[in-house]
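As written, the chains take the letters A, B, C and D, and residue 1 is the first residue of each chain.
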Amino acid sequence: MSSLQFDIAHLLAGSLVLASFMMLYQDRLYALLNVYALHAGVLALSVAWQAYVQQAPHLYVTALIALVFKAVIIPVALHRIIKRLGIHREIENVIGVGLTMMAGIGLVALSMVVMLRVTPGADALAREDLAFALSVVLLGLLIMVTRRNAVSQVVGFMSLENGLVLAATGAKGMPLVVEISVAFSVLIAFIVIGIFLFRIRERFDSVDVQALDRFRGERR
Amino acid sequence: MIAVALWSVAVLLALAPAGIALSMRPRGSVVLYGACLVVTATLCVTALLHLLDPAHPVLSATLPVGLPWLGAHFRLDALSAFFLVVINLGGLAASLFALGYGRHEDSPGRVLPFYPAYLAAMNVVVLANDAFSFLVAWEFMSLTSWAMVVSHHREAENVRAGYVYLLMASFGTLALLLAFGLLASSAGYDFDAIRASHPSAALASMVAILALVGAGSKAGLVPLHAWLPLAHPAAPSHVSGLMSGVMTKVAVYGFVRIVFDLLPEPVWWWSIVVLLVGGPTATLGVLYALMQRDIKRVLAYSTIENIGIIFTGLGLALAFKAQGLDWVAALAFTAALLHVFNHALFKSLLFFGAGAVLEATGVRDMEKLGGLIHRMPKTAFAVLVGCVAISALPPFNGFVSEWLTFQAILLSPQLPSWGLKLIIPAVGGLLALAAALAAACFVKLYGISFLGRPRSDVAASAHETDRFSIAAMLALAALCLLAGVLPGLFIDALAPVSKTMVGNIMPHQAGLQWLTIVPIAESRSSYNGLLVFLFAAFCGTAAASAIHRLASDRLRRAPAWDCGYPDANPAIQYSASSFSQPIRRVFGSVIFAAREIGEMPEPLAAAPAKLTVAMRDLIWDALYAPIATVIGFVTERINLLQFLTIRSYLTLVFAALIVLLLVVAL
Amino acid sequence: MNIDALGAILLIPAISAALLAILPGYMLTAKLNVVAALATFLTSLSLFVIEPHSGQYLLLDDLNKVFIVLTTFIGFTTSVFSASYIHHEIETGRLTPAFLRFYHAMYQMLMLAMNLALIANNIGLMWVAVEVATLTTVLMVGIYRTHEALEAAWKYFILGSVGIALALFGTILVYMAARPVVGEGMDGMVWTVLVRHAAQFDPALLNVAFVFLLLGYGTKVGLAPLHAWLPDAHAEGPTPISAVLSGLLLNVALYALLRFKMMLAVNSAAITPGPLMVTMGLISVIFAALMLYRRRDIKRMFAYSSIEHMGIIVFAFGMGGPLANFAGLLHMTMHSLTKSAIFFAVGHIAQVKGTQKIAEIGGLTATNPALGWGLMLGVIAIVGLPPLGIFMSEFLVVSSTFARAPWLTVILVLGIIIALGGLFLRIGPVMFGDPKGKTAPAEASYVPMFTHLALVLMAGIYLPPVLVSGFQNVAKLLG
Amino acid sequence: MTAFRDILSQGVQMGLVLLLAPLLTGFVRKVKARLLRRRGPPLLQPYRDLIRLMRKDVVLADNASWLFRVIPYLMFAGTWVAASLVPTFGNGLLFSWTADLIAIIALLGSARFFQALAGMDVGTAFGGIGSSREVMIASLAEPAMLITVFSVAMIAGSTQLSYVAEFMGSDAVGLRVSLGMAFVALTIVALAENARIPVDNPATHLELTMVHEAMVLEYSGRHLALIDLSSQLKLLLYVSLIACVFLPWGTATADASVARLVSGALLYFGKLAVLGFLLAVFETSIAKMRVFRIPEFLGVALMLALLATLLRFVSGSL
């Protein structure tokens, strides 16, 4: 591929990482959702670009899914849930933003180190893409573990999954990408529905020990 | 011949499921124990014939079970033949005893299925010729006996005893498993291959230590004995007899098989370890026994003592063998094996007696017994024989084996090593102390529970037990006497064993005049149980007849004189605790941290004076309690992980990921 | 493609799942469920007779043959157990027929997913299958709709999804590693192709890939510290599902892990996965063993024991060598049979006593001898006492590794003995002592439980040669 | 002919110890009395006591068992056999190899075992006191005795008394520290075993410190006579044991001429007299101990014996 195509792909992947950082920075739910929509949009762009570069039309499907499902439907649905649960003015970082950012930078560095050990035999694009994808994945995990709130954890998980899709599409000629992205969308749909159905409010995971005693017959 | 043995084992195994069905039937126990009686008799005779076969053939067989590519190997040589005799003699007696005793079992369904399986397991242990079959049988033996230990599961302490027992048993098995793992690294699991291999001295030493731990924990060596006095009394009495009299011997077999047979020439310091464990075990065991009130627990602790004596003999054998003095090693080894045999006899006898008492009175606490010699004379007589025998008093068998051990100790100046020079006399002293204390212990056991006046109504209304039980006990008593007056025959029977294990034998005994036994040379020492017995019998009867004829044979009954204090109340008699009080004051204050707290009420106060004795098992406090505390603490802390939030669990995953990535990256 | 046995193994559950979803009446559905499971089992047995060719999607070799048979067999016995279990649940009204339709459909879905994961020749397909299995089990764990059931399901869902995601990333990395060698397209994911060329793959990529796969599928295996979902999922779901989870799903995840380990074993330059697996295995063993001591809920206790045994198995494979690998495979098989038998017993006990709290159950051997002694036998087997199968595998693991790595093996042995202590400490009062709780006679089907136990007992004494040869071949492949 | 002679000499020895035992006791009593400026009972008084007791009826406690009536004969038999196996005037008699020193001690142990049982049979408080203290003392005295035997046996290279005596008689011995210690230990043990002062008081009655008397409190008539006789035999046994191990001179061998045998016998009487006199002097010069001082007293013996053995190990010459 020409260097231009390479640079564009590179740019898009990088901006995805950037978007992850922005999500990491947000501590308001609505803002987080908006940034996530942006994140998904960037992903859609980069996937589409890969489809174009690799002449792999089926990737356009993936791009479409990313655009419609992740960038539009999910954020909207979550918006409603948040309104319904009335948790929109949550400030719910576990550790300070500054520390989180430092950790995020550390993770990016780590993923670079890990990936750049890979022999250049695999073409450069793959390496760069993988490096970015890995950092997106790690940042997603970081979001999950630094947020108390169920919704924001789900958002973190979805950004993680975006990283996966990035990697999958970046892997030239990888089969089953569409299937996998669909499967993942189903997974996410389940999660969202789960939140919605089971009314999993904020701090669904803050396990109350008394409740445990009563419910699980476990005593500490 | 080995086919016969294996078939009999198969029959025993087949009897186990039959036991489930039989336990539903009214007289099912009789059928089952009768069958066990027949099978064990067959096995006993088979093994005896093999042991006495002048050719001493080594038979082996392989079955297509066990480890798939290896199969189950079995081997019948002199050593296993001897232990087969011990096991099945015990099983024979126990089954005979149980013919009567088993009828009183209130939950037969918890004993009958396991009893034959237990016998089978013990037989397989001594027959097995590869590590897997050996360990399977070994642990199966523990498992089946555990099931019978918890058979009376309504008493909480029995369940606890079973718990401790199973834990310690598995610990021992795992130790043996590690030992075999070391051996297998070079030679695989087949014992023949292991014999052929030449492991390095370091590896052999490690194996020997592991074997001592593994077999010792099953045999009840201090400090791994804690389970024994809990578990043995908890089982039904005929099973207790088997566990104490026979199963501990199977443990001894395991040690002998690994250290004397599978391993190459011993390293000299192994013997030091064994002796340093064996001597104290003997003394401590009998001291514990002296402090007990529960009659079956006394017997269990005295088992520990005898195991200590046996291991001392084995340690001596190791020491002499390592120095190439195999003719002395043969002496020590024979002494140990003879004691194995003798202890199997009288310990089974005593446990049967305890069972008869338990069945007649329903109590195991000596403080509630007394005067049983009047109510159950036959049992009392048999138990008396057992007590004399286990106290190592001539002309009974216990004395012979201890005497031989002493003879071996007296030869220790031959050893070059200084450590042994200094340790062996000390160990001899410990053995002497143990022997004397054992006598004291059994004077107490017999005097308190069988002599004197009944201390409770149940004791006063006791009745003689059934004829099967009595037959079993009297037969064992007769064997004790026989082995005591004609030890030469038994020593000669052991010759092939010591020949194969330590490479030499004691001088041939049967040829000597008057059936004397001479360990080395007549100029050193000799003992003739037969003559001692005859002389004593002659002197006694002569004196009796002479006095009765020449002087007077008149006899009047009258109230006890007792220095003119006629006391109606049997409570004034000495009790078990008060009997051992002097010895407790001599030894106990150190070993049990025994403290006597006396409360004397004010003058003219109506309150009774009280004397309470507080004793602590220092070994338990030092070894077992800490482990329990640590486990409790750690589990308490680590249990918090059950209650974390999902986010914290995710954090764990995340951390694991980061760590692994770093590992790969750097 | 023409339907051979492999296809059938997938089709039967698929069709029956569809049927069960629409058919009413739990009696009928339960029977149909059993029949379908039996049919699948018989089909899988036929694999030994006529070996269908492995295609680009489906694969049959020594490794998965045994697992398929095991899975379908336990699937069958569990369906039998589940029939009587569900019957009781309906009577007590814990479940409504509406849910049952869903339940049975999901059950067959789960079977389908697991069979697919086992016979998939494509790492992508395998991943999808595992994900589906996860989703179905999540739904079944939450089926009681109680607060704690939902919470367990949710915990399982979140942790499982993260694990799945990590596994996917690992899969992608494997493809990336393969692409330069085997070229683009489907081949890059066909396992047989991969393992053939794995020698030339880029080791660095493989290493990273294995880290992700280990964590991803390790989460499903339930290795500490990734285990958190496992105990609650076992404790709160319906007991048949606990049995399937412990008996089968963990195995499936482990099977996936083994596939990738074999791939790494081929590539000499890549890190040896051994140390990582050994470490995680030992952590799991010790951790789970210690967790046993404070358990109050009987199902959760056995869930932790599953973690411990997975640790032992992973340790064995991590140590490698023909004996240890053989022992690992044997241990997987034995653990599946035993643990599912235990859960059968526990399920009935919980129904009889109306509680899962250990403190409220007592003297079982006196009140319900068959159940009590059945569970006792299961526990004896699971702690590795002879003459049952797990003793053989533990014997082989310990004795074959001790000379190589004394300290690690000593740690393992410590774990085993601690676990034994914990289990018997807890189970003693349940079995013995004065009876506690309701003493109603159990209307239970003992056949599945005692069938499993009989098999375990037989395996402890005699292993059929066909099994042995199969295991030995696989053990060689595993390196 | 020789067989007859052997049997005769053996028989003579058995009779001899039986006859001498009361005399020795009487002698010791007499000497003690004289030392206390009393006239004391005549030498033959023990014989008269025995005969009188044998003539009397036996008064048996109501709940005494058959064991209680058998025990006196058992004790007597055991002690007599033991006593007749210790060389007196001659070594290597016909049956001398029947039992070595360890076995002889064990025989005495059996006698004590039964005596302790007898103390508990009737079920009185005094009997219990006696038995429990007896076994406490024995549990210390027996090991001490055995270890003493070890040291002696290791020096003499045999536990067979005849050989020990011969070896001790030979010049190979010389003067050894370990032997001295063994001698002291053996003396202490002998005092304890024979219930002499300072461990127990043979003359006492109705005293809470008594041990031996308390056990036999319920005995009367011929039973009591046998028990007394066997304790006298025991005293004789220990004295002649000390004599044959530590003063082995002049003991004849079995096949020696009659003259040598007679001279050996005379010499033996001399030894008995000397040792008996020493015993009397010792007993008059010290006082009875409290019961719980006895362990310390016996502990000394134990330590000495062990030390002797260890010395023997460390260097063959000491």
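Just so it is clear, contacts are C-beta pairs under 8 Å (C-beta built on N, C-alpha and C of every residue); 3 or more make two chains touch, one makes a residue touch a chain.
The structure displayed is predicted, hence computed values, not measured ones.
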Interface with the most contact pairs, given as the two chains involved: B-D
Quick one: point me to the chain whose Cα centre is farthest from that of subunit C. D
Approximate Å spacing (C-alpha centroids) for the pair subunit C, subunit D: 78
Using mean CA coordinates as chain centres, what's the subunit B-subunit C distance in Å? 44
How many angstrom lie between the CA centroids of subunit A and subunit B, rounded to a whole number? 69
So, what's the distance in Å between the C-alpha centres of subunit D and subunit B? 35
Mind pulling the residue numbers of subunit A that touch at least two other chains? 114, 117, 141, 144, 153, 205, 207, 218, 220
Residues of subunit D engaged with two or more neighbouring chains: none
Tell me, which residues of subunit C touch at least two other chains? 154-155, 158, 162, 208, 294
Chain pairs that touch, all of them, please. A-B, A-C, B-C, B-D
Please give the residue numbers of subunit D that touch subunit B in the complex, ascending. 51, 54-67, 73-74, 76-78, 80-81, 95, 97-100, 102-103, 106-107, 109-110, 112-113, 116-117, 119-129, 131-133, 135-136, 138-143, 146-147, 150, 153-154, 157-160, 163, 206, 217-218, 221-222, 225-226, 291-292, 295, 302, 306, 309-310, 312-314, 316
Hey, which residues of subunit B end up touching subunit A in the complex? 639-640, 642-647, 650-651, 653-654, 657-658, 661-662, 664-665
In their shared complex, subunit C is touched by residues of subunit B numbered 64-69, 109-110, 131-132, 135-137, 139-140, 143, 150, 153-154, 156, 159-160, 162-163, 166-167, 170-171, 174, 177-178, 180-182, 184-186, 189, 631-632, 634-636, 638-639, 641-642, 644, 646, 649-650, 652-653, 655-657, 660-661, 663-664
In their shared complex, at which residues does subunit B touch subunit D? 370-371, 373-374, 377, 380, 384, 388, 391-394, 399, 403, 406-407, 409-410, 412-413, 421-422, 425-426, 428-429, 432-433, 435-437, 439-440, 442-444, 446-448, 451-453, 516, 522-528, 531-532, 535-541, 543-544, 547, 550-552, 554-563, 565, 567, 570, 572-574, 578-583, 585-586
Which residues, counting only subunit C, touch subunit B once they are in their complex? 154-155, 158-159, 162-163, 166, 207-208, 211-212, 214-215, 219, 225-226, 228-229, 231, 271, 276, 287, 290-291, 293-294, 363, 365-366, 369, 380, 383, 385-387, 391-392, 395, 398-404, 409-410, 413, 416-418, 420-422, 424-425, 428-429, 431-434, 460-463, 465, 468
